[in-house]
Amino acid sequence: MLVNWLKRIGTYLLVLLGLSILVFIIGRVIPGDPARQALGPRAPEEVVQALRVEMHLDKPFVTQYVLWLKGALRMDLGKSLMTRRPVIVDIKEFLPATLEIVSISALFMVLGGILLGILSTKYADSWLDGVIRVISYLGIVSPAFVWAIIFILIFGYMLPLFPTTGRLGLSIISPPTVTGMYTIDFLLNGDIVGFKDALSHLLLPAIALMLGGLAQAARITRSSMTENSTKDYILAEKAYGIPERTILLTYLLKPSLIPTVSVLSLDIAALFGNAFLVEQLFNYPGLSRYGMQAMLNKDLNAMSAVVMILGIVFITVNILSDMVVAYLDPRVRLLGGGNE
Amino acid sequence: MNNKQEKVVTKRDKYENIKQSWYKFSLNKMSVVGLVVVCLVAILGVFEPIIAPFPTHVGAYVNFKEASIPPNTTYWMGTDVFGRDIMSRIFYAFRGALTMGIGVLVVVVPLGGILGLIAGYWKGNWISTLIMRVTDVFLALPPLILALAVSAILRPTLLNSMMAICVSWWPWYTRLIYGMTTTLRNELYVKSAELLGASKGHILFREILPNCLGPLFTKMTLDMGWVILTGASLSFVGLGEQPPIPSLGTMVSDGAKFLPAQWWIAIFPALAIMVIVLGFNLMGDGIKDMLSSEE
Amino acid sequence: MNKTILEVKGLKKYFPISKGAQKGMFVKAIDGIDFTTKEGETLGLVGESGSGKSTTAYNVIGMYGATAGKITFKGEDISQISSKRPLKFKKDIQMVFQDPGTTLNPQRSVRQILTLPLSIHGMLDKNDPEGQLIQLLEAVELSAEYLYKYPSSLGGGERQMLAVARALSTNPSMIVLDEPTSSLDVSVQAKIINMLLRLQQQHNLSYLFITHDLSLMRNLATKVAIMYLGKIAEIAPVETFFTAPRHPYTQMLLSAIPVISEEEEMFKQAKITPKGEIPSPVNVPKGCGFNTRCPFAKEECFIDDPLMQEIEPEHFVRCHLI
Amino acid sequence: MKDKIVDIRDLHVWYRTFAGQVKVLNGVNLNVIRGEKVGIVGETGCGKTTTVKSILKILAKQASIPKGEIFFNGTDVLKKNKNELKQLHGSGASMIFQDPTMSLNPVFTIGSQMFAVIKYSGQPGAEKKSVQQALAIKALKETSMPDPERILQSYPFQLSGGMRQRISIAMSLATPRDLVIADEPTTNLDVTIQDQVLKMLKQRVEDKGSSLILITHSLGVARETTDRIYVMYAGSMVETAFTNELFKKQLHPYTQALMDCIPRLSGGGVSEGIPGRIPNYLNPSAGCRFAPRCPKAFERCQTEKPEYVDVGTEHQVACFLYS
């Protein structure tokens, strides 16, 4: 069994390496001169040239990549042109914020999606099923940034229940950083007021982010549960008199969750993508906004770092989902038949 | 049994097929709604100069007298800060959106599809592993981010943003066709074609590919919606069609600054995006039901 | 008149296991078999799942290459995989598969399906292609109208008849049939069996017929070979095979068949009650493969594997009891 | 009158499809006496599975029952609502399916499935785990399963087709059942395994004193396992008789034709099969559905539906040759 996991992690590392090459190529193909871009048109030529040397732009392409890779392994990702600070410092500041949002929306997505899927199967073709299907269509159909705008409109102005900008209320001082995630740090600090404020700042962006994934999960759960409900073993269990609820929540749910989990892992990874726009709208200082600005300002080091982190997150989510699938499906666990 | 009879019989078979497919498609009323929405969007987009109330507002037209008027009888969806009619601009933006959708799919489906066919049929040897590992690398990033990174490099135009989406979208089709080909290549009709001595070209394109068309068309219809959505996200951050040419993403992002007072400037383009994607999604589900085999 | 058309000598086919606990070991699907078939004859290969009968058929048609041993067809060596064989063998040996559901491409019309073999081997009759196809359909008792239909609108039996028509199209000298009627109803099976017998007369075809149904074999084959765990347990002309079976496994299989008339009970007089299941072809038991289930197993049976002995002309048995 | 476990009268079942209503069952009559082993023999598409699924009310959503009654233990199943059905399902009937790969839940251990069946079977003390464990092991031992403890921990994909069917049988008889329904339980198994499984099923049903409905397309299997046989064609019963009586003399032309098609171990070739195809259920003819393929059909067969008529001790046939 272990051999299988090692082989799988090996392929993922390979993918990561491939990703770093891809990102490096994209970074370097940028027309225009990043050094000139950073220092502005008026900077004298020799200063720009010095920066160019410092950024190894003069060396051949492959050596630049090798140097960059060695640096990355030593956590030295070079300096960000925008913030003038080592990229690693920016990441330490912004990454926890985005992780906070993404983990909450992932939680909503998984629990909500599966719950809605079960409900719409149980009350199939009833009014409740209809309502859930409409919600899931709306959820799937509208991009996160449209929901963001609608939420800002409703909660920002009409009925100001939840804050729609920033990470903390102006009056609240940020907690001593332990994990970098305000909600957890406040809790560790025992500061309930702070915790409530940080949480309320998180709520709207998180919900805007997760609606699409939630709807997708609900739809996949419903369709795979409906399909499995006609299989012989479910009919046999009905014939044996096993109560409807037990069949629905155990014998039908467990096999039906397998397709949902693989879709969920894709959608959770996609949260980071959508976070780009949502953080922009809620001007929430997360890693995605930082990455967005890096791309717009062609800040190579920052951009490569953010993309690599997204790749790593994607792979961790994939490994987690493989583990959950292995738990759900004994054939995968015991035969080591990984799903491609 | 001359050609005329052949026509009659095949026509009857075909007619029977179409009637059966339409029944399965329209079984779920929502799919019909989707079809209607998509047709409406197409008509509005293509015939925009005729249908739109203020076709001239599409270009660099400025009329401060009429700026920021809420929806009324003349401007059904109100006007923006430059006094341009939002509805006409949305109709024009439909055309941009559809060109983006079709343009991307026309590139991505054949490219991804053929790679998927090759990788799937020759699964096990190096060409297949190479293709699939490269696909994994491209899929390791959410499509929006890859598209952002690529379009950030190029000058922001509609064409470049389409290219950016192509770069991040082709692997989805490779993986779809790869998945199907690896199972289809073991079907008996493929085995018997091989044993008869049929050429690899015949086997890939006449035996395997026709059986992938069902899920392929379903995915293409759904993807029309997603591609347009991604395109809107790109233009939302200014990487798509440049002003004054209207695109839904830019209209939403410009309008967002004027919330909540002039809410209509941002809300109507946002709703327009939802309507397009909703239409294609509903239609895609209908096609999935239509092509699903079991009665 | 009938000289040997197909000869198999010491054929072996092992499949390496790439995943799971048994990694590195082999599935010994065929573990050394020998038989010959004469022109115009039907050799029946009988056995239960895991006996290797289908693998043998796939080796003859060329879907697999042999791990060891030799297959000669009309004097020429065809042991390697079909893609490496000269084109003429793809014309001369054809195959009919088991599952009517997937043997025909659902997206191609009957006309396209039947035209493919003809065009590959350049046998298309230019001036009347339609007539040629209709003739083929009539050979398998299907009306000309079927030419323009799609497989989905045909019944299981009709699809198998079309598969036979496709096999006949290049007028081969041998057809390999892998359980062609096992997923069909009895009434449809009867039609196909009689059709196959008629075609054999008209075109002097030789069949390699694979099935698990011994009563079907009784009404079709000229010679029957019974396989167990990748080896042939007994070969005999059909008359002696059913009236005087000598291998305990043949007797056990005969006594397990549900029959519908008293006279058939007569053939099950050995009354060996079936017991146990077929062991896995990965770790084959030492000595004779059948020793785990054989009521007459002697101490010798657990030590060495018995050799094929010819107890009567054309009647071979692999058992220590002989 | 011996009490009837199952009594189906003039049952009609229709399926909603894209082309309209498919009228599969066209007036089925069937009864099973307590402790009797009844076989239903018929070819693909004649409605055998629909008949038994309607007894257990596990028909597909698209199915509808426009006419007919199904009495199980004396009460009409169609009139019962959800919780009344609980008793029927609890200890009333159980079903064994054809495809061993689908008859057991792939992601649960054999043990967890058997315990659930026993728990809800209304047996005294069935809630306790220990009672469930004991009953499950006893049931597995009775079906001559090697090393039942290991079986309870293993998953279906780790077992062979034969073992899985034996487990389904053990499950269906782990607690006393009035009726066991087996839908082609051994069709996917090898002949030597099928022989052992059929003998064991017959033995278990007799020991537990429950009655059996065995569905099969093979007359040979029915001859070796059942007391009485219903021959079914295109949605209704054409002939029924005690097993040895039926194999001595067949009355209905379809049964005769079917017998002639079966290859015999004693050789002698087979008949030319039955001409034509199964009737189209979308708009079936009002008359006898076998008429278009029947060598002895005459004018009356085309228009009128033959009634089920007694022609001897427990020997009924639906054909105008006899009424």
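Every chain is named by a letter (A, B, C and D) in the order it is written, and numbering of its residues begins at 1.
In this section, contacts are C-beta pairs under 8 Å (C-beta built on N, C-alpha and C of every residue); 3 or more make two chains touch, one makes a residue touch a chain.
Keep in mind it's a predicted model, so treat the numbers as computed, not measured.
Grouping of the remaining chains in the absence of subunit D, by touch, is one piece.
Ranking every chain by how far its Cα centroid lies from the centroid of subunit C, the top place goes to A. In terms of C-beta pairs in contact, the better-connected of the chain pairs B-C and A-D is A-D. Here B is the chain whose Cα centre lies closest to the centre of all protein Cα atoms. Distance from the subunit B centre to the subunit C centre is 50 Å, each centre being the mean of its Cα atoms.
With centres defined as mean CA coordinates, subunit C is found 56 Å away from subunit A. Annotation: 53 Å between the Cα-based centres of subunit A and subunit D. Work out the mean CA point of subunit C and of subunit D, and you get 32 Å between them. Counting partner chains per residue, subunit A shows two or more touched chains at residues 335.
Touching subunit D in their complex are the following residues of subunit A: 230-243, 246, 250-251, 254-255, 258, 328-331, 334-335. Residue ranges on subunit B touching subunit C, taken from their complex, read 1, 6, 9-10, 13, 187-198, 202, 206-207, 210-211, 213.
Residues of subunit A touching subunit B in their complex: 11, 14-16, 18-19, 22-23, 26, 29-31, 133, 137-138, 140-143, 145-146, 149-150, 152-153, 156-158, 269-270, 272-274, 276-277, 280-281, 291-292, 295-296, 298, 303, 307, 310-311, 314-315, 340. Against subunit D, the residues of subunit B that register as touching in their complex are 20, 23-24, 27, 295.
Those residues of subunit D lying in contact with subunit B across their complex are 17-19.
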